[in-house]
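Same chain, two partners: subunit A is paired with subunit B first, then with subunit C.
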Partner chain A sequence: MKQKTSEKVKQYLMFAGPGTILFFCVVVVPFVYGLYLTFTSWDGVSRAKPFVGFQNFADAFKDKVYWQAMGRTAIYSIFAVILINIVAFFLAYLVTSGVKGQNFFRAGFFVPNLIGGIVLGYVWQFVFNRAFVAIGKAITGGAATSLLASPSGAMFALILVSVWQYAGYMMLIYVAGFMSVSKDVQEAAEIDGCTHSQAMWNVTVPLMRSSFVQCLFLSITRCFVVYDVNLSLTKGEPFGSSVMAAMHVYNQAFTYKNYGLGQAEAVILFLVCAIVGVTQVMVGKKGEVAA
Partner chain B sequence: MKRAIALILMLAMVTALALSGGSAYAANKVTLTIFNSKMEIQSQMEEMAEEYMDTHPDVEVEVYYSSDTVAAHMSTKYASKDPYVLSMVDAKDIFSLGPDHALDQTGEPWVAETTQAISVDGKVLGFPFCVEARGILYNADAIERITGEAFDPAAVKTTADFQALCDKLVAGGMEGPTGLQKEDWSLGAHFMQEIYEMQDDPDAFIAGIKDGSVKLAEDPVFNAMMDTFDVLKAYNWMKQAPLSAVREDTEMNLAQGKIAFKFGGNWDWSDIKDFDPEEHLGMMPVPSALEGYNEKLVGGGSKYFFIDNSVSAEQQQAAKDFLNWLVFEEDGQNFLVNTCALVPAFGNITLPVSDPLGASVKSYVDAGAMIADYRYAPDDHYAKVGISFQKYLADQIDRAGLADEITAYWATAEVGAH
Partner chain C sequence: MTDNEKAGRNAKILHAVKWIVLLLLFFCFIFPFLMVVINVFKTKADIISNPLALVGEHGFTLKNFPEAMKKMKFWTVFGNSFIITVSATVLTILISSMTAFVIVRNNWKFCTIVFSLMIASMVIPFQVLMVPLVSVYGGIFNVLNHRLTLILMHVGFSVSMSCFMFHGAIKTNIPLELEEAATIDGCSRWQTWWRVVFPLLKPTIATVGIINAMAYWNDYLLPSLVLTKKNLYTIPIATQAFYGTYSTDIGLVMAALLLAMLPILILYVFLQRYIVEGVASGAVKG
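Let's turn to the complex of A and B:
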């Protein structure tokens, strides 16, 4: 059945039209306008937007603090992504292995993801600053300081909270992956002489590859642009040692009033994030197999 | 048929979207949006808005607050072309935003009643909401309980006096008699700026740091202030983890007499009053070994209202009426002085200041013992210098390192136009 082009356009507009218009308005237009702003030295409030060419990009490459934040973000992302996925995978394994009340556990592990990042950050800030300190004091009987007061402690806290937040979400994708692999294949492998864990690693996991690709993509992109937890949990403290790339971009644009420079740094962050994400998906997709 | 239904559904969705864009407007009412940047009076502001609407039925008052810094929040509002009619900002924001966005209020009745209004290029742009000052907050009751003698703040002038008193308090059983905030604005904007403000000519001093003719590490005012900072730091009740100090905890301890001193200002009262404070609290200048510097508080007009010049004439008029209401009507004055416990910046307001910290400030103002605010530090000054101070507070760098970092900051920073 052949359709005329006008029919196709009509159908597209009917089903995807509102979505396209919204996407265009809230993503494409601001993005293009943002690109334009990278070529100006606008301070964010004045009426004049002087054109400066590529000066902002040159400055962005010279902004040492930005690249420190970028490096910090990379370290944070590597640890968080690996831990999120390991934890999520084992949670998924646990709640598909037939333990009693597994639906309850599934819901329970997923709940942290339903709390907004800001609220979650404040809750954990309270836990780190008050609860843990009080427990520490009770145990040692002396002075106990908050994890959030030292640079490495703050980083650790950020990673811990991110893992706690995202593991439940990624778990759902892994659960779907486990469910999509037919029990028959695993049984066949076990009949052929595999142990249970051998069947798991050599049969089930390769068949779940698409779940891994998805989870890695989601966790990498989310970690790279983390802002809400960063803001409410550490606010960049102590002494600016936990400022992630996104927070630095925000500060640069709105607090330090270098809107153009901040925007240029945001574009660079976007490119880095896009390159890492797309490469990972391409590499991951290559080896996908189907049963 | 199916197609028709789908079409109707789509139309319905699009209309719903369009409708949600514009909020319902009450007919013939002028909407006065007010941005409040004093977190501690947000609930008072909201209650005042209700009462104001009762007496001014044709005005719809909406009060907003943001936990962002003022300058950052204003940037986002102006970047999205959605300004407030009336915005409460810091003095420096009047200089940066005012020329482009603020309405000229020259000739308004309130202008004649204050010395604290901000004018740029001969136009009156900023309405002073209150007078605030920085210094050392003390709890005289707590001190007298331990020393057994009447506490006279004027007798604690030098750093050595201050340290001696702290020693006495520690010996008397008060573990950490002082409190220091870890917030970058308290360290970078309040403490560091006192060092500029105490100079004879702050502009020349900063220019000197920039061109190298002033060595910050050798500057007598800097060193005298840092000596006092070291005392505050050494006797800090949160000495073990100064960067975990929670502002409200420190204020509570001061209110209840567990500590005796805190670096801060009269704005702390709005929190302290909730902690059932003891009777004799007050403010005194930051002790300093230098004669003449330890007898004055630092401050002046604080938090300024400006009216946006792009909103409708009715909204501008409503905003002007509101400002004059604050200054000239009994309800407005009562709101400023009693409800919000602020020190008013207007000579015609004669209501007695209700809180002890404000009363201290007013006594220094009346005696002319005030050092003026320095209002032209760049927007990133408090954040970046604040970070250096936090490092110093956590013993990551020493005083020379702090001076180096501040000097390095000024190498690229530019003071605001004035």
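Let's turn to the complex of A and C:
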């Protein structure tokens, strides 16, 4: 049955028209327009958008503060991603080992994911500035300062909060990974003489490779563009020492009104993030094994 | 003691150790929330003098709530968040499932192009789009500061991911014969979609709905760029604004934070199973 083009168009518009139009208006057009903006020195107010060629990219590469923020983001991401995945895997192992009340624990560890980063950051700010300081005073018997007051402390706090925030989410993916590996395989290994932990590390874990690839991808892409928690927990303080790349891009564009430069820096951030994420997936998929 | 008994005893000890470790971790996970809950019923002076005490020296107080509610305009803000989340979620489900239906069932070139664009767009972080978005819709069309603008933007951003999930569900779960039978019985494409296919997609609808509703409810950056008028604020923006103004009045801050968290926590108590399952299946597919 051959359909006429007009019928095809009609059917497409009837079903997919709204979705396609919204997708183009909100994602595709701004993306292309954003690439155009990187070649202008727009200040956000005037109608004129003077064309400056690759000047913004040249400036972005010379922007010391930006590269400091990028370096900081890289350090933060490395620690956060590794810790998130270790904690999440460990939690998933515990809540699938048949312990009493494991569904309750599973639901409990997920709670931080229900609440937005802004609110979480403020809650933790209170915990760091008041509760931990009070505990510190009780232990040392003297004065104690908040972690958030020192640059390295603020970095540590950001990592801690991110691990706490995302571990429960990644745990769910690892739980699905554990469930997808049939118990028979592990039992067979144990009958063949493996100890429980040998069976776990040499049989179950390699079969869960796709869960690891996925969790790493999700945690890398999220950590690279961390913003909400950064804004509410440390606001970039003390002395701008905890400004992450996404916050720097925001400030560059909306606070200092360097829209073209900010956009160029955002594009660089995107490219770095995409390259790291995609490489990780490609390397990870290569060694995948099937049962 | 036989080996068997020994092994049994070891297993029991291991089980107990695991349980205690879980309990400790659980305590660590809820500790920040616990801090908010015990401090929200104290006066400012009590919180500052001892944030760890269960009850303050000046006793139990509910005073923080009405004041925080008034100052952050809780009901207005809650209403905004509610309207935006519900309408954007419903629209996302309808629009993206219909888009996916056409794309799965026809191998027209245009469909393939749109779908590939959607998949490619999923790696774009919001930071790359925020400047052009503000400049196009604020500078050229001047449509910021409307709830509808935010709703449509939310939908536009999540169409690709949701469409991808519906695409998978329709392709694997809905047999083509079913649609053919409906057509032979005299259904148009439109009727086939609404009466036969859409009702069969319930599990995916739940997953897509839950994931998107949570994202819309908690989103901060996009709403803060689109809605800058006070009477349009959503809960995350209002919390941020409130904190900026009253950060020294720690009792009020505690109340505001608890109020910001409460709606979704209450919902979680009732829909916990669905939310955990929905997020898990969405994460694994995504």
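A few remarks follow.
Here, the second predicted complex is superposed on the first by the 269 of 291 C-alpha atoms of A that agree within 3 Å, B and C clash if a C-alpha of one lies under 4 Å from a C-alpha of the other, contacts with A are read in each partner's own complex, and residues count from 1 in each chain.
Just so we're on the same page, contacts are C-beta pairs under 8 Å (C-beta built on N, C-alpha and C of every residue); 3 or more make two chains touch, one makes a residue touch a chain.
Remember, it's a predicted structure, so these values are computed and weren't measured experimentally.
Residue contacts after overlaying the shared chain place A:L148 against subunit B, while subunit C stays out of touching range. A simple residue count on subunit A separates subunit B from subunit C, and the partner touching more is C. Of the two partner chains, subunit C is the only one touched by A:N113; subunit B is not. Of the two partner chains placed by the overlay, subunit B and subunit C both lie in contact with A:P18. Using the contact criterion defined above for the overlaid structures, shared-chain residue A:K8 touches subunit C, although it does not reach subunit B.
By the touch criterion defined above, A:E237 reaches subunit B but does not reach subunit C.
Within the superposed three-chain model, A:N251 lies in touch with subunit B and out of touch with subunit C [touch as defined at top].
Legend: residue contacts after superposition of the two complexes on their common chain; A:D228 is shown touching subunit C, with no touch to subunit B. Of the two partner chains, neither subunit B nor subunit C is touched by A:I139.
Common to the subunit B and subunit C contact sets on subunit A are residues 14-15, 18, 22, 44, 250, 253-254, 259.
Contact residues of subunit A toward subunit C in the complex are 8, 11-12, 14-16, 18-20, 22-23, 25-31, 33-34, 37, 42, 44, 91, 94-95, 97-102, 105-120, 122-124, 126-127, 130-131, 134-135, 138, 164, 168-169, 172-173, 175-176, 214, 218, 221, 224-225, 227-228, 231-232, 246, 249-250, 253-254, 259, 262-263, 266-267, 269-270, 273-274, 277-278. Of all residues in subunit A, those touching subunit B in their complex are 14-15, 17-18, 22, 43-47, 129, 133, 143, 145-146, 148-149, 237-240, 250-251, 253-257, 259. Residue ranges on subunit C touching subunit A, taken from their complex, read 15, 18-19, 21-22, 25-26, 28-33, 35-36, 39, 47-48, 50-52, 95-96, 98-99, 101-103, 106, 108, 110-111, 114, 117-118, 121, 123-136, 139, 152-153, 155-157, 159-160, 163, 189-190, 193, 214, 217-221, 235-236, 239-240, 243, 250, 253-254, 257, 260-261, 264-265, 268, 272, 275-276, 279-280, 283-284. Remark: subunit B residues 3, 6-7, 10, 13-14, 17, 68-69, 71-72, 74-76, 78-79, 96-97, 100-101, 182, 240-241, 243-244, 246, 378-380, 383, 387-388, 390-391, 394, 396 touch subunit A in the complex.
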